[in-house]
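Given below, in the form of structure tokens, are the structures.
After this come two complexes, each holding chain A, first together with chain B and then together with chain C.
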Partner chain A sequence: MTAITSTVPAAADGARNLTRTLLVGFLVLAAALPFLVGKSGFISNFTFLQLSLMIVYAIAVLGLNLLTGFNGQISLGHGAFFAVGAYTAAILIEQFGVNYWLTLPAAAILCFVIGYLFGLPALRLEGHYLALATFGLAIAVPQMLKYKHLEPLTNGVMGINLLKPDAPFGLPLSGDQWMYLVVLIVAVGMFWMARNLLNSRPGRAMVAIRDHTLAAGTMGIDTSRYKATVFGISALYVGIAGALHAIIFEFVSPDSFRFELSIAILVGAVVGGVASLPGAVIGGVFVQFIEKYADAMTKKLTQAIHLPLELQPWTLYGITLIVLIYVMPGGIAGGLAALWARLRRPPQGG
Partner chain B sequence: MAPLLEISGLKAYYGATEALHGLSFTLAQGGITTLLGANGAGKTTTLRAISGLVRREGSIVFDGRPIERMATEDITRLGVAHVPEGRGTFVGLSVEENLKIASYGRRDKSGVKRDLDLVFTYFPRLKERIAQQAGTLSGGEQQMLAISRALMLGPRLMLLDEPSFGLAPLIVQEIFHIMRRINEEAGVSMLLVEQNAALALNLAENAYVLETGTVVMSGPSAELKNDEGIRKSYLGY
Partner chain C sequence: MTEMKRRTVLAGLGALAVTPVFAPAIAQKRYDDGASDTEIKIGNIMPYSGNASAYGVIGRTSEAVMKMVNDAGGLNGRKINFITYDDGYSPPKAVEMVRKLVEEDKVLLVFNPLGTPSNTAIQRYLNQRKVPQLFVATGASKWGNPRQFPWTMGWQPDYVTEGAIYAKHILSTKPDAKIGVLMQNDDYGKDYFNGFKQGLGAANERKIVQLSTYEVTDPTVDSQMIQLKNSGADVFFNITTPKFAAQAIKKAAEIAWKPVHYLNNVSSSFGSVLKPAGIENSQGIMVALYRKDANDPQWTNSPDVVAWKAFMAKYMPNADIRDDGHNFGFSVAHTLLQTLKQAGDNLTRENVMKEAANLKGFESPLLLPGIKVNTSPTDFYPIQSVQLARVKGESFELFGDVLSNESTS
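So, the complex of A and B:
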């Protein structure tokens, strides 16, 4: 397989090198963070958990991004794959004593297979119809987890409690700090793989199918097989995110994965910027941060500016969403890129 | 010489609706044939049926091989290249990536390079735009890209769906001139669907006139050009 080389001006090359250096530096710093903080308590375990959750959601948003942003298939049901991944990890750890590392490939394989099989009939559906079919998935899966005959495995509505793994090799890290590191490493691997996929021929075929399915077919691309496979890969990403979520959150229950989760992942993808890898990171931060803090921030805001009316918890979230979509229709990543391009371009007369 | 494409009793469906009602025609080896007809006559559907993009029945024989049950990507591999209506540009990819998508699955790097060079001899303008995002090309350039992309498949038959659509007359002339060159120099046969009948009859040797899913008239272009009914209905004089 050969990479397509295109002539890139030297300036763009320089900018790319700078971006890479900054990215590597940032990641090294992020990885060193738990070691620097140690047991000083300067950054609380709770904060590490929050950071881990952001990264987990970033992986999930990336998964949906591959499907929606790069392949043009909409899903309102990816929370279902998140749930399957989470329960796979929880059941394997709790019932079978499997090492938590091994639950990740298990969740990945299972979700890929389910995603692929769901993707096959979904080939007949497009746009709104696909959205509705996947929405059905999001509704059905939490209910299926409550199914009586599955109770010995799933523990029904009670859910499954887990214990967070300790740091290995006597590392001076708390459980939350260690899992933050694990999640970070997995995420870097997943993003790296996604980038390589998108820069490969199959990746360009994915984009071609998104841009013009019929024309992609006439170029000799097996569009059906591709779409189903991308559905599987997308589910795989979300499944791994789900498994990590179960391990760091130490709990799974059917109600943790209601259809709001599917919507949250989609909102994260759109707000971050579809068809953008940095957008997936921003989306993950948005899902965790804005959703979880919208409530508290709404209250604070109400007090701070002495609003005469009482804002309901989700008001700020809704307003943020509306403003973002109007101001940055390409998502935050797209908006920043446009802003950057404008700043770099010398002002033109007239 | 046996015809390159032989179609008989071709029916095609959109859902439950039958759009072609038993179409029959042949296309000579190395020739250019055009399908004429008003909107909704079934021209685009005929091309799509040949490429396997719609559900179809009947017999389609390409180069002695029945293809009516084959999938689009396999038909493409046999050497049938479809230039879709509206150009079908992959707007998110660069010009080069658009061109190389056709060589997907090809292992011979030098062959791809050779084909790319050949394409640029026909459309030098695309070479200048090679790194440009395809969505930012002009309409004419996108049509050139669509034909080039089909050419990258190394086809024996090109199905061209309204290559003149929405383009300025000068650009259309340029593109039709290059199409003739591709036909003569690369030996690519062509099945051309056009609204612009005068243009199509000038390029093609043979023509078939479709009306609501059936062939109502056929013959050499020169004869049809002089037919009074054709002149009134399609040429407008």
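So, the complex of A and C:
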């Protein structure tokens, strides 16, 4: 497992302030984007949708990061929680007329409970056994959504169509621009909470369990309860991402949450950097853009360099993955941090 | 002139300037997104990958037809820009790709998206945006509902129509029939069965002595076939997709059950159904057809088949010509071309939809003789006629008249 990117020591206060200023500046710019563009069409609504999806996947990757990167548990089934969150939102909005923003806490609570309960028996399962149990969950959930007696709620294979909410208070924004803003605000909140959690006592306990479970237990940490709770929190994050996905995408179906989604989230987490918060953002970018457009990019590349052979879709994706893992075993965030450290050679604390 | 008046006049002039719609000189050419003096942009989604990728040839054929049109100078002087994306037969992917077509590529209309699940997923969005969802490639009956979905239109005969036609044929040829039905338990199967019951009429529904269903995930339909034989049925309506159709035909022969056998059009393929089931087991099976099989020798001299063969040789030289998707794509693409021709220089989405609902007796190539495309503002089912055929040797022998069932629900 990779080393945790530790908090910067006091000596680098200046650098930290600079980073913070940059981050705040970037966020303000990101939030101002829809207002600057307005209805000019300079950035299409479709692009705003894609940016929103990217942020949504970043939240999901962050959820898995908390579990895998900071607590050392592997899950191959987080797509299932994504599905539960999405369907919670879709059913509440469509069948019960609930306001869309109220579906977020509902999805969060439900996913936390399911995640915690799933985490309890899974506690006895270590490493690859847990991975297998979660794998089962990812396979089962899309099938369960098609189940005959759930059809009045889930609408079976046909899925549920939703309508995107309009911007409130007469804001001069399109539905996509408004939801981009909502997603961005939720994401900032979720990342802020994750950072605070990791910097707290329970956060350090999580990492201690990851580094050496037995030692952590000896130190008086209730490892079982911690693991189940972290599993629940992780599911909560992914569930909120799922609910946001349903609202901005305006459609859910069992097909949206196939097993590939769980793998995509895991790949996003590993590629971004598994024990790093910025890594989750990079992971979100990877899931939304690299994966979905691997096919198109393969074709473009083949044409651009006049390859004599026909590259299969996913070839480029596969090669990118292999190269990334070999060149940057700590993910892109880890790789960038290492590069930065080499350039500045700061004292390494922690 | 007072300040007030001058302002009013200016405002009036301004209003004139921004509403050129009323100026007669400009009224002749009108465009929405995706249309201009030089180009018409058409969007399409198809399963080029995934489980249903065999249908991808339909999209490739439509694309090649548009290329043929462009090589011949385009349509009313405009080049057709055909943009087609892969949806992998996955509804969420279909939603994303259709949004890309409408919002980024800014297509005039979405043509022939394939599959009931994908079309269901995009229907609400396209109708909300008032973008035509034209000539969808699925036979579900729900695509012809202009009151609720004025921007969606089907193309091929819908399953309800077809089911009713079998029922009427049974009533006229075998009034004392005892009917057994094998049905795939989903929307597609239910559509056929509902049409069949409508065709029989309430008084004759008791003629159905046995209804056996299977799930698409079942391995075989053997037990259902035995159940049907034991029911004493002497007429069999076979509502199955290709794999199960072949199993049913084979099993009927094995257990020596010889009813009058009606097979749904979905499985009217020699390659994937009748040959695997055994040609000798398939003799006499009746099926409703609406298109020619361009490879059938009986149509060799038919002009549309000649044109199709020339097209295939020039524009799709490496394709497997036995694949029926090429027939389908060629035919449906010509229905779109006719619609756009009728729309002329008024290429607004509204007018395209108006002309799609104004196809009168259009003979799209490769339709059976006597079968025509007909639509009206209340009839969004372009093809509603079929002709019965029976398996004879290794081809379909057409018999009887062209049959129609006007179901404009």
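Here is the rule we go by: the second predicted complex is superposed on the first by the 334 of 350 C-alpha atoms of A that agree within 3 Å, B and C clash if a C-alpha of one lies under 4 Å from a C-alpha of the other, contacts with A are read in each partner's own complex, and residues count from 1 in each chain.
Here, a contact is a pair of C-beta atoms (placed from the backbone, for glycine too) under 8 Å apart; a residue touches a chain by one contact, two chains touch by 3 or more.
It should be emphasised that the depicted structure is a prediction, and the values quoted were computed from it without experimental measurement.
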Query raised in the report: Does the superposition put A:218 against chain B (first), chain C (second), both, or neither?
Result: first
Report task. Considering only the touch criterion stated at the top, classify A:45 as touching first (chain B), second (chain C), both, or neither. Result -> second
Query raised in the report: When the two structures are overlaid on chain A, which partner does A:251 contact: first (chain B), second (chain C), both, or neither?
Result: second
Query raised in the report: In the superposed arrangement, which partner chain does A:158 touch: chain B (first), chain C (second), both, or neither?
Result: second
Query raised in the report: Does chain B (first) or chain C (second) touch A:100, or do both, or does neither?
Result: neither
**Report entry** Dominant toucher of chain A (residue count), chain B or chain C
**Finding:** B
Query raised in the report: Mind pulling up the chain B residues that touch chain A in the complex?
Result: 51, 53, 71-73, 76-77, 81-84, 87-94, 96-98, 100-102, 104-105, 109, 130-131, 146, 149-150, 153
Query - Complex contact set, residues of chain A against chain B - result: 2, 4, 6-8, 201, 204-205, 207-208, 210-212, 214-223, 275
Query raised in the report: Okay, in this complex, where on chain A does chain C touch?
Result: 44-47, 49, 157-159, 161, 163, 249-253, 255-256, 295, 313
**Report entry** Residue ranges of chain C in contact with chain A within the complex
**Finding:** 49, 86, 90-92, 95-96, 99-100, 103-104, 117, 120-121, 123-125, 128, 187
